[in-house]
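Following this message is one structure expressed as structure tokens.
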Amino acid sequence: MSLNSLERTLDKVLSQKESELISEIDSALQNSLKNLESSKSTLQVEYDAIIESSKKQAENLKRQIIGSSTLNARNKELIIIESAIDEIFTKAKEKLAQSNNEKNYEKLLTKMIQDSVSKLGSDIVIQCNKADQKLVRKISSQEPTGKNMKISVSDDFLDIIGGIKATSVDGTMTLDNTLDSNIESLKPLIRKAIVQLLRGEKK
Amino acid sequence: MVIDGVTKASFDELVEIETDEGERRLGKVLEIGFGKAVVQVFEGTTGLAITGTKVKFLGKTMTMPVSQELLGRVFDGLGRPNDGLPDPVADKFLDVNGEPMNPQSREYPTSFIQTGVSVIDGMLTLVRGQKLPIFSGSGMSHNILAAQIARQATVVGTNEDFAVVFAAIGVQYSEAQYFKRSLEESGALRRSVLFINLADDPAIERIITPRVALTVAEYLAFDLGMHVLAILTDMTNYAEALREISAAREEVPGRKGYPGYLYTDLANNYERAGRIKGKSGSVTQMPILSMPADDITHPIPDLTGYITEGQVVLGRDLFRKGIYPPVNVMMSLSRLMKDGVGEGKTRSDHMEVGNQLYDAYSRAQEVRALAEIVGKAGLTGVDLKYLDAGDNFETHFLKQSPDENRNLDETLSRAWDILAALPEGELTKIKDKHIQQYYKGNK
Amino acid sequence: MVVKGRIVWVSGPAVKADGMSSAKMYETVEVGDSKLIGEVIRLTGDVAFIQVYESTSGLKPGEDVIGTGQPLSVLLGPGIIGRIYDGIQRPLDEIAEKSGAFIGRGITTSPVDMKKKYKFNPLVKKDDTIFGGSVLGTVEETPLLTHKILVPPNYPESTLTDIAKEGEYDLEHVIGQASSKNGDKIQLKMYHKWPVRKPRPYAERYDPTVPLVTGQRIIDTYFPIAKGGTGAIPGGFGTGKTVTLHQIAKWADSKVVVYIGCGERGNEMTEVLVEFPHLIDPRSQRPLMERTVLVANTSNMPVAAREASIYTGVTMAEYYRDMGYDVVLVADSTSRWAEALREMSGRLEEMPAEEGYPSYLASRLAEFYERAGRIRALGSPDRSGSVTLVGAVSPSGADFTEPVTTHTIRFIKTFWALDTRLAYSRHYPSINWMQSYSGYLEDISKWWKENVSPDWYDLRAESYHILQREDTLKEIVRLLGPEALPDEEKLVLEVARMIKIGILQQNSFDKVDTYCGPAKQLKLVRLMVKFYKEAQKALKEGKSLADIRALPIITTLLRAKFEVTDEEISKLEEIDKQLSDSFKGNIEEVKVSV
């Protein structure tokens, strides 16, 4: 083999190697590029997923926070309104307690006593507060009493703002007609009216 | 409890009882006449002495104060505040027994509710105004399912959220708490009203709990125009309380010691659901009950099933396999599905796909049973495909996470995935048009 | 004399009142200040036991009870059809008008519009002799129904002294006057009242020989009911009882349908109300609502009115029967009615029998089903009509041995047993073909022979025999697997499956399949039987079962029920031919391959 041909062969081999090498490098490059690309996209997906889920979480948290804060604010309002209602109530009761001298009150007591007689029948015992005793005695004495009908007024005073409590003589039945308990049973309706006033709503 | 010397009381009247120690309890008149009143005491009669107990007839039947303000509040089983806040200011006082809805005035329920739970949306569709109970057994995941539905329920096409009325009837503290927390975490508490009667609260109180809850639900729906989802759990405890009272009164019992009027009594609660012509709101009811010994023929699930519009039955097998929600689809049914799905409401293939899934799963169950006799090797090609479809159904369609909210398209797409495993000729319940459009298998 | 007593005791729908010694049994009374409607159901001395048809909440001892002197009655006259009533014949639309969407109390209304004018066509003339039950004339109640104006059945023979001319009259108008033999003057209007607990009389009872065609294959072909017959449909919840009853109400070939929703779901009644006006009767092309009356006493409505609703319904049914029409009465559910009896009985503190039901449960059920029948009506002209009674039974726990089911079975002749297992596998209607039976089969086979085909009875029997054989073979399969059977028996299983899918299963929500006429029913059965015979023959000739199973004709046979409508029934002849051809082809193939 001549040198020339040897050279040529070497050249050939070399160039072949070279091109092989180049293509190898090239494919490696391509590969790594591809890898990079693909890892990029998976990364992107993961990244998106994380963002998405944290967005969702944030959304949930936001809803939760908004939900509970509006609820808390509402609940505070309820408490404030309630204390206002209580205040109005106390004042109203005080005012009622002072109005025991009015003419209407006597009428009311009369009605209450008559009501007690009709509901409990026969003999009854009436209790009231200290201030009203005189008035109650006066009204009771005016009521028509038969042989089975006796109204006695007890000296056992009640701590109430007004009205009466009647008990049948055997003690089994009581009719509570005190102003206090009447107000108490009307309280839900009165509260509604107060709240409407407070909130400036019309009736 | 029997009270003597009563002449002026009326039937059903509310009664306040004061013990000799000054404690106050509520009750109502069950029977009145000949100078005697039979009174049912809601908080129980323990500690009531024959002498010294005072009884006050309040001259009215039991009412519940209602107003918009009730949303976001927690009450006890008799409708009294339980959250440290004052009594609600009432817009109205409503008789807790309600009145029967006139069938003529009802609007027939047809609007699809998306619950985000595939098995329900796809096969047991819930519609607005329906009463669909969950039949469960002790320890199964009914509360998780109910809470998920309460969080996720939406009326498709609108952004309206449901108001949730939740009545806990004789449940454990942790269960009630789970529910409350779940609503809180999703921000749904402010559109919810909770009534809590716990296992250690007086049993008799349970008679009232669903009634106050449904009274509020009706008010929110028909006075305020909201869509209400009422969840009552656990109705078994309610029925037991009823039995207890009946036994104490020495009434003639019907089946298994339950009173003969159990059906009527349950119906009086369950029928308080629906829609009314000319009103925008609705009451959708989801009562939950645990079947004693998982027995669906027990009087409580039995009578309930006769009244409600279908049932979602949870299966012990699936539950043991760790599948949530463990819905036994073969025993479950939604009677109103046919009216709530299809063209213009959901998707035109909805009903057919649902039916085909039933059919496929039913066949899969048969093949499973057959495989137990002849072994898997003895199965033919189509049978094997059904076997796969059955497994796939359980893992890919039925199973989902308690916080996973799937929309209807996703649910139906999953359904088609399962059907893709079957040859086209097996899809006998689906119209050709829809097979062309959606079938993913080999044609 | 008006009875006036006082309430002394209240417990739920049960009220006791004293001062009632002159009250009559079953007299209607007004109870309490809000005038609730009640009925005296027991009298002891001067204490009356009253069942109240409305909620008694708030009722007090001491309030008045006032008698009306009348037993609980319904008003019978034009205007009933198309309405929905509660258990005591109060129209629900008027209740809604008066008390809103929720039913209030103490509401009185008239069952029909007394002011509405109808065009009256007299069919009798002055000096004609009339009897109780005679037809005086007709009015058009709906386009589907000519209402015949009847003389009340309990009126004596009389001579007409006056009859209104053709013209428009309202219900209170006196359209005729007559005088009886002993000189009593009688005024006749277009309506009369009749007590609900008293069956309306008739002249003569006929044997039920004409089937009630319902268009439901398993009913008409396998377990038929006759016009004037009785049937019960028991089933646990979810078995499709109500759907089956709706199907009967929709498609039965009767003139009038009375549908009683007795203690069932509110939405179901709403569904009927929404659906029926849009459904078209296949025979008359008119909306079904024009021949339907609804009585709705849903489960949450007062329990005493539930007890009455059955009687209200059946009395209206008898009235239309007396005009000479076939009437179907569907009661969903008689179990809830029995429970209402039980509840009242419990409040009365009567001695209970099984499961707390009163001991007279059986006799009440018997009385109810006894009101069915095909009859010749009273009076002239001659006409025959029928009332067919179909009652749903809701056995607790789907247990057919419970009292209501066991007693009902004694008084009915057709029994459609619904099966929970079939329903779970979505086989609808879930009527179990092994447990069900019909006592009318022989009586009505003549009708089928004359009107459809002479071999009806045999074809039915042959196809049913396949189902019976399958039932026994199933046991073996359950124990040993299907491979244990010889091919001949495997073929039985295959054909039974085809009969189940192709005939027994019927989709009530499919436009075509919802109704299947008698001719088509028979054709389908004939095809199945033919398939079985051809396949048997092919097997004997050495054909393999697998090849038979693979025949495309099978799919065609299974789909025929909803592919071929009643109108294009000749298509079934083509299928018949295809069937013959496909076996011919196969047999030739077999020959070639040998």
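List of remarks:
Every chain is named by a letter (A, B and C) in the order it is written, and numbering of its residues begins at 1.
Everything that follows uses one rule, which is that contacts are C-beta pairs under 8 Å (C-beta built on N, C-alpha and C of every residue); 3 or more make two chains touch, one makes a residue touch a chain.
All values reported here derive from a predicted model rather than from experimental measurement.
Chains touching both chain B and chain C: none.
Top-ranked chain pair, ordered by C-beta pairs in contact, is B-C. Centrality by C-alpha centroid: the chain sitting nearest the overall protein C-alpha mean is B. Among the remaining chains, A is positioned farthest from chain C, on the basis of C-alpha centroids.
Rounded to whole angstrom, the centroid-to-centroid distance between chain B and chain C, based on C-alpha atoms, equals 32 Å. Averaging C-alpha coordinates per chain places the centre of chain A 24 Å away from that of chain B. One finds 52 Å separating the Cα centroids of chain A and chain C.
Within chain B, contacts with two or more other chains are made by residues 8. Chain B contributes residues 5, 8, 54, 56, 58, 65, 69, 72, 85-87, 89-91, 93, 184-190 to its touches with chain A in the complex. Contact residues of chain B toward chain C in the complex are 7-13, 30-34, 38, 61, 95, 97-109, 129-130, 222, 251-255, 260-261, 263-264, 267-268, 270-272, 274, 276-277, 279, 297-299, 302-303, 305-307, 309-311, 330-331, 333, 336, 338-339, 355, 358-359, 362, 370, 373-374, 378, 425, 428. Chain A contributes residues 60, 63-68, 70-71, 74-75, 78-79, 81-82, 85, 119, 172-174, 176, 185, 188, 191-192, 195 to its touches with chain B in the complex. Chain C contributes residues 7-12, 16, 55-62, 84, 92-93, 95-96, 99-104, 236-238, 261, 263, 265-267, 269-271, 273-274, 296, 298-303, 336, 339, 342-343, 346, 352, 355-356, 394, 396-399, 424-426, 480-483, 509, 555, 558 to its touches with chain B in the complex.
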